[in-house]
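Just so it is clear, A, B and C label the chains in written order, and each chain counts residues from 1 on its own.
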Amino acid sequence: MQLLIDILSWITILTGSFFVITGGIGILRLPDFFTRLHAVSMPDTLGIGLIILGLVLQAGFTQTSAKLIMIFLFMIFTGPAATHALAKTALHGKLKPKAMYKQDEESST
Amino acid sequence: MIFALAACAILLTMALTLSRGILGPTTYDRILAVNSFGTKTVLIIAVLGFMTGRPDFLDIAFVYALINFVGTIAVLKFFEYGDLGGARSPDEYES
Amino acid sequence: MRHSISLFVFSFAVWLLLSGYFESLLLVLGLASCAFVVWIARRQDVVDHEGHPMHLRPMRWILYLIWLIGEIVKSNIDVAKRVWSPKLPISPTLVKVPADSDELRQVIYANSITLTPGTVSIDLTDATITVHALTREGALALETGEMARRVHGVGRAE
């Protein structure tokens, strides 16, 4: 039983680490600011979620798990707020995204 | 063992994020990098706490998550409105 | 008053969960700090219905969360594939989607869009959300309005 939980938590932690690294690669590779936002939201959701799930599996039903879950909930709620605030400030700060409006694109073609 | 691997992965990501913060052509890229870096810091504090068998580190991780969010919002507010004062609407600032 | 009491109970529950102490002196100190927090919140005039989203349908809410987690996993895998592939097959697209007039639903909708990798809500004016999508397909999928329909079912009209 303990071995099964260990293996499960190893798998989740490794998968979470993979998504975290992918976010790091993405933030370097993607071409402009608005696309980099997408790279950051990857470790912010699944990366954190899977790593914390793995730690919760290791800790079992204790106060530590409760704290971990609280950290996870807090980051899940504040992550989108921070990203949205950042994107909005960038847009108002006259940083133009390289993307085109879909509506404009259709009317021009 | 598994915690050490996860810690290595997070450290690698922190290095990548930091290089974006140094390279970043615009200020917003840098803020994004700092915010992402803070998220990774919270994760690595939690993982290191488990690695050394001291889960009390989680309190520090929690406080760091709070500071990271409030700090990002404060910097962004400063950029948008020019000061950190009261809750005025954007229109009042422009006039 | 109702909101103040629920804020007090909630913050004391959080205090207990984080501290894990059950000695009488520390409990009294914890209660005092929670009362202090409620006093500050009342003085700042931030205790209102916004902090207590009680007008949500619990069952629909849980179903929506499960669906959202599924979507997040799917789009995570999609974006991860695009980041790792050498050609970087992205096609950034901006799209405007209509949102509900209800504020709570707007917040849930915009947050869900941002939480899903591949789409970020970058502006919200007059019940219209401007979305930056990493790929054209992501923008098209958002335009079908499935997420909007599900969000609409979650909140009860006031």
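Methods note: a contact is a pair of C-beta atoms (placed from the backbone, for glycine too) under 8 Å apart; a residue touches a chain by one contact, two chains touch by 3 or more.
Predicted model only: the values in this text are computed from it and were never measured.
Least step count on the touch graph, chain B to chain C: 2.
In this assembly, B is the chain whose CA centroid lies farthest from the centroid of chain C.
Separation between the centroids of chain B and chain C, computed from CA atoms only, is 19 Å.
Chain geometry summary: the mean Cα position of chain A and that of chain B are 12 Å apart. The distance from the centre of chain A to the centre of chain C, with each centre set as the mean of the Cα atoms, comes to 14 Å.
Across the assembly, chain C contributes residues 18 that each touch 2 or more other chains.
Multi-chain contact residues, meaning those touching two or more other chains, occur in chain B at positions 59, 62.
With touch defined as above, residues shared between interfaces to two or more other chains in chain A number as follows: 18, 25, 37, 67, 70, 79, 81, 88, 90.
By the touch rule above, chain A contacts chain C in their complex via residues 18-19, 22, 25-26, 29-32, 34-35, 37-39, 41-42, 45-46, 63, 66-67, 70, 76, 79-81, 83-84, 87-88, 90-91, 97-103, 105. Interface of chain A with chain B (complex): residues 9-10, 13-14, 16-18, 20-21, 23-25, 27-28, 33, 36-37, 40, 43-44, 47-48, 51-52, 54-55, 58-59, 64, 67-68, 70-71, 74-75, 78-79, 81-82, 85-86, 88-90, 92-93, 95. Looking at the complex, you find that chain B touches chain A at residues 2-3, 5-6, 9-10, 12-17, 19-20, 26, 28-29, 31-33, 35-36, 39-40, 42-43, 46-47, 50, 55, 58-59, 61-62, 65-66, 69, 72-73, 76, 79-80, 90. Within the complex, the chain C residues that touch chain A are 14, 17-18, 20, 72-73, 76, 79-80, 83-84, 88, 90, 92-96, 110-111, 114-123, 130, 132-134, 136, 139, 143.
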